[in-house]
Amino acid sequence: MSNSLGKLFRVTSFGESHGRLVGAVIDGCPAGLELSEADIQPDLDRRRPGGGAVSTPRTEEDQADILSGVFNGKTTGAPICITIPNRNAQSDDYAEQRSIPRPSHADYTYYVKYGGHADYRGGGRASGRLTASMVMAGAIARKLLTAQGIEILGHAVEIGGIKTSARDYDTIRRDARFNATGCADQDAAKLMLQAIDRARRDGDSLGGIIEVIALGVPAGLGEPLFDSAESAMAQAFFSIPAVKGVEFGAGFAAARLKGSENNDPFIISEGRVQTDSNHAGGILGGITSGMPITARLAVKPTPSIALPQRSVNLESLSAAEMSVRGRHDPCVVPRAIVVAEAAMAITLCDLSIIAGTMGRVMA
Amino acid sequence: MSNSLGKLFRVTSFGESHGRLVGAVIDGCPAGLELSEADIQPDLDRRRPGGGAVSTPRTEEDQADILSGVFNGKTTGAPICITIPNRNAQSDDYAEQRSIPRPSHADYTYYVKYGGHADYRGGGRASGRLTASMVMAGAIARKLLTAQGIEILGHAVEIGGIKTSARDYDTIRRDARFNATGCADQDAAKLMLQAIDRARRDGDSLGGIIEVIALGVPAGLGEPLFDSAESAMAQAFFSIPAVKGVEFGAGFAAARLKGSENNDPFIISEGRVQTDSNHAGGILGGITSGMPITARLAVKPTPSIALPQRSVNLESLSAAEMSVRGRHDPCVVPRAIVVAEAAMAITLCDLSIIAGTMGRVMA
Amino acid sequence: MSNSLGKLFRVTSFGESHGRLVGAVIDGCPAGLELSEADIQPDLDRRRPGGGAVSTPRTEEDQADILSGVFNGKTTGAPICITIPNRNAQSDDYAEQRSIPRPSHADYTYYVKYGGHADYRGGGRASGRLTASMVMAGAIARKLLTAQGIEILGHAVEIGGIKTSARDYDTIRRDARFNATGCADQDAAKLMLQAIDRARRDGDSLGGIIEVIALGVPAGLGEPLFDSAESAMAQAFFSIPAVKGVEFGAGFAAARLKGSENNDPFIISEGRVQTDSNHAGGILGGITSGMPITARLAVKPTPSIALPQRSVNLESLSAAEMSVRGRHDPCVVPRAIVVAEAAMAITLCDLSIIAGTMGRVMA
Amino acid sequence: MSNSLGKLFRVTSFGESHGRLVGAVIDGCPAGLELSEADIQPDLDRRRPGGGAVSTPRTEEDQADILSGVFNGKTTGAPICITIPNRNAQSDDYAEQRSIPRPSHADYTYYVKYGGHADYRGGGRASGRLTASMVMAGAIARKLLTAQGIEILGHAVEIGGIKTSARDYDTIRRDARFNATGCADQDAAKLMLQAIDRARRDGDSLGGIIEVIALGVPAGLGEPLFDSAESAMAQAFFSIPAVKGVEFGAGFAAARLKGSENNDPFIISEGRVQTDSNHAGGILGGITSGMPITARLAVKPTPSIALPQRSVNLESLSAAEMSVRGRHDPCVVPRAIVVAEAAMAITLCDLSIIAGTMGRVMA
């Protein structure tokens, strides 16, 4: 429930933005997978506030520490606990938050749900920092999937209204990680960076759209009706802060196509059943079809902005002006890519174990 | 798993499109709710193929039959089993389906996942007819929510590319059910009907977008991270066949707004904390904020079309031409509205019981 | 939850003792299993009130009806709904129950939990009749296990204080079903029948102990810590009405042995690792060891007795005398054997699918 | 699953006996509970190897460290992670374990299930040390229950065949913790200590029986059929290593009583419905009745004994002699009492939140 995701490959998140640490327990990882911190760190590094223009300068080191579940360099089948310490958190910046909730943040709803007891510092549990839990679990999931020939690719397809032109998988794999936006189209990336820089200078923020692709997924994953591949992935995607929309394949665009346009003809290709187009995004009737899975996530603009905003004082129930102090990402899209990949990887691992295509012990 | 949805208010679906019946077991319904078939039937009728131009003429009577869980006219706290019989199914129309999967249907993926044993007649478990399970459970959920002052409103906001102009809740409540499209804008509805009629004559089909709104939802529902209000609803929404996209509040449009535009200022109104806009769709940090919940679902065009299509023969693994015989909805959007409402109602009941705002016995 | 058991092989029970029917939905059954009512009926018949002296003369026909999930004589992977109608229920016998709860029955606790709305007729949901749900699911589970070489054997080892002498598996398999007590020791069975007959004439009732054995279970089933083989089976066993104790292997007797007596030495036998004794009951550390699984269930004497008893009137909150009218089993042990077998079979199927030793499609 | 227990109050265990630490994540704890390490430590201390004669001299300090979920001295509603470090583990003692499994330990079954990858040192995940996870969670659960007027009492009722005479709750509360056996009968305790001492000198071990009692539990907890109070507690109890039997109320003894003896007459006492006896152990039809809940757990003798034993070499598949080196508890019953209390406390918290009798925010 709540802070656990998955049925047989199960991630439990704990920790707070400005508490002592952020952690994850991964239960159900097949035994016999070679695993060390070195497998986790690259994904954590991708999540970190990073390259100059794009992210907040808070320098978290985010060193993963595997506390359990690994013995002699391999997973044991026991739950794997991984943590990263919190450092360099300037909690003073957040003092005001207690009584004046930041607009479009979770401050107010956590305040109500938890009767005023929630840790409000830096967003507490609702902070983007918590996505590190998912990223750590995702790194393990990704390694398991790689052993099955499954690859997860994420990239930014839109930031601040600037769209990438469609890119093939090879380009995405090669280019998306080589600029600060995570966009595989270098021209668009340049414009995106300028837009982000402008937003930062204006004390404002931008949103965007992330695409995540899974290649090599076998047909047959997903348990319809209610644990369909789309249902399971969407549950994971919508747990990422700032995600307000999720679509698969043609998604919302499919709503404007005719059946004759949207239907994907079946063909025989490379000796197996494939489809000539992939408006379905690799999922039919909630079950993977063997075609690439494609999903897009709408990320809202960072709610933390320097510009003055209207809010209320929860104690006096009166109007209040506020502006979010501290330094914040003017656009979290680039950092959220690895989180979206993690969400897809975790879900695919879980569905693979449920469907029996991934064993409980590594071959 | 799989055919069950929800944790404490739990719906289990069973039955097939062309089997003997379609049914649902609703477990966890609070005791003491007055309930009879008359509470279920109106929603089932809304799901039925209906008014002239829009839907398939297959006349299913879809008479709900409550088999358990109700005693002396009230729910007992025991699981409620409701079924509707299948009648008038012309299975002959579907004989070809066995070896030649219909493009963009679940025929192929069910064939693979279930080793050729799936009931392929009329789409079997993957048929839109199975949404009746959700509608029956949704009717109960809706009645429970009504007792708490929560109202669920659904309407078509786009069909075949024709958009409704924004409508206030009163108009939606009053007008959306009074035409065959479920659109609250009578002018748009007229154009939609024409487009649907044209698609039918062309042997083609249309998709569209449904909006579902929940009014009166208290702040505090949703269990972040992974059972957030958005995660839980999205899981339910994506279990509806043909849904390929889900967004909350401003959704994908938020990705193009600046933070200063998208943020919803907090205000004091009617003596309580509200927001001046509602781009968040009533959910912040995965928890309901007390503002109206708004979700939009992208529905792909019906894959069953009369036009000839390319497919493959699964036995000979060779190319095959096919066209879907029988009569099919050229647009399922109008019928899917009540299903989307049901999905939201079921989820909100479950979250309400989990959060403790809905009791286990009716007051 | 609550009325569902299992994670990947999942049984949902519905219906009431004196409602229209009793049913079960079995979700997660592998596809491709040949299945018809004829597979279910023998176990249902074993559960029925039966042979002369032992059980209540209420003649329920208990004809299983498979409503979904089977196509062309085989399971499809879709949920299987099976029901049996209720007939011949004389509800008048139970009118008094409403306000005067029967001692050691669930009348009072259901009354409190469900705010007076529970269906009290014949015990409603708490009736032994509901075990038919488990038996129907158990018959399917047993067939799946048989295909894997796993056999479930149950027998009465004690009734009314009369103990069976230890019996080998062949004797149990051959003899336990051939008398009205389910005891494999014909001499003990004779004494048990006399004791039961005496209890009936006295208006009293007897309890006893059931042993259930699983042969051929592979090593490696069970997910420790909390879904250990013992935890999972005990959850199922304790859902059987009247069961008040569960032990595995030497069980409570182990508490009186020394380690040197209770420990089971490992040996190599038939080319594989076995143990020379089996005080562990085939489970070590929550995981099956490959040795026979043995469990014993303590069944309390039927609380429905003709003798006068002290109770209270729930409306006036005053003392009341009552005696249970109608005809009741003086000893449910014989009928509960097949229920205990079903509980073990369902659990082993679920654990097998989770561990990956049972596939999702029949080979 | 597996390493998580509970639905809304959920405990996830991680860590190994000889790894870096043992930990627990407690998700679903109501917000606003005052909590510090001082609340956890007393129960951890009771679990520790302790007083002279009874336990192993390994001096683990077992200092609880709360890593998340507490802010300003109170729980926040976020997951609470607590760990204790492992110190002073002499892994050399366990080297032999790798290829020669200890009889009646989990060495062999973990070896099979996890393909030889399990951490075998000191029993790894199957070690009694892991019960510290449950004890830490149990300490929190107990504090939540105390706020509701619910008290959990555990005591040893039998060790090495020496039985305590029946004791009233006041005596148990006062005396059970004041000797090294956890037995409330000082005369029996003396004999038990002698028997344990003798077993230690003989290189052997003893088992026993623990009774756990819950006082003040309201009527109405437990979700029948399958999440009945007995089912839920038994799942938790059987996850404790060495527990081989569980009974409620009269338990196995009820199997030998007549209905007229075992039935508990309802009476009006202190203005409310009670029963004159409590053979049911406070649970009727799977639902708590408001009477004290009583459960008894059979604990097998410690399988680690110094006496030589027969085993096998898993690599050569040949017979092998072995004797367990290192120092081990000759009787774990005294230390397991607090674990059994924890299991009951966790379960009752979960059932209370599910039933709605415990809120999500402390009043």
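Of note:
Letters A, B, C and D name the chains as they come in the text, with residue numbers starting at 1 for each one.
Here is the rule we go by: a contact is a pair of C-beta atoms (placed from the backbone, for glycine too) under 8 Å apart; a residue touches a chain by one contact, two chains touch by 3 or more.
Here the structure is a predicted model, which is why all the values come from computation and not from measurement.
Farthest chain from chain C, judged by C-alpha centroids: A.
Inter-chain centre distance (chain A to chain C, centres taken as mean C-alpha positions): 46 Å. One inter-chain figure worth recording: chain B and chain C are separated by 39 Å, centre to centre, where each centre is the mean of the chain's CA atoms. Averaged C-alpha coordinates give centres for chain A and chain B that are 26 Å from one another. Counting partner chains per residue, chain B has residues 1-4, 7-8, 13, 113, 125, 354-355, 360 touching two or more of them.
Taken together, the touching pairs cover every possible pairing of the chains.
Every residue of chain D that touches chain C in the complex is listed here, in rising order: 1-5, 7, 13, 101, 103-106, 108-110, 112-113, 125-126, 130, 158, 160-161, 199, 204-209, 219-220, 222-228, 230-232, 234-239, 241, 243-252, 254-268, 271, 273, 275-276, 279-281, 283-290, 298-305, 307, 309-312, 314, 317-319, 354-355.
If you check the complex, the residues on chain A that touch chain D are 1-4, 7-8, 10, 12-16, 19-21, 23, 25, 27-28, 31-32, 67-69, 71, 74-81, 83, 113-115, 117-119, 121, 124-125, 360-362.
Interface residues of chain A, counted against chain C in their complex, comprise 7-8, 353-356, 359-360.
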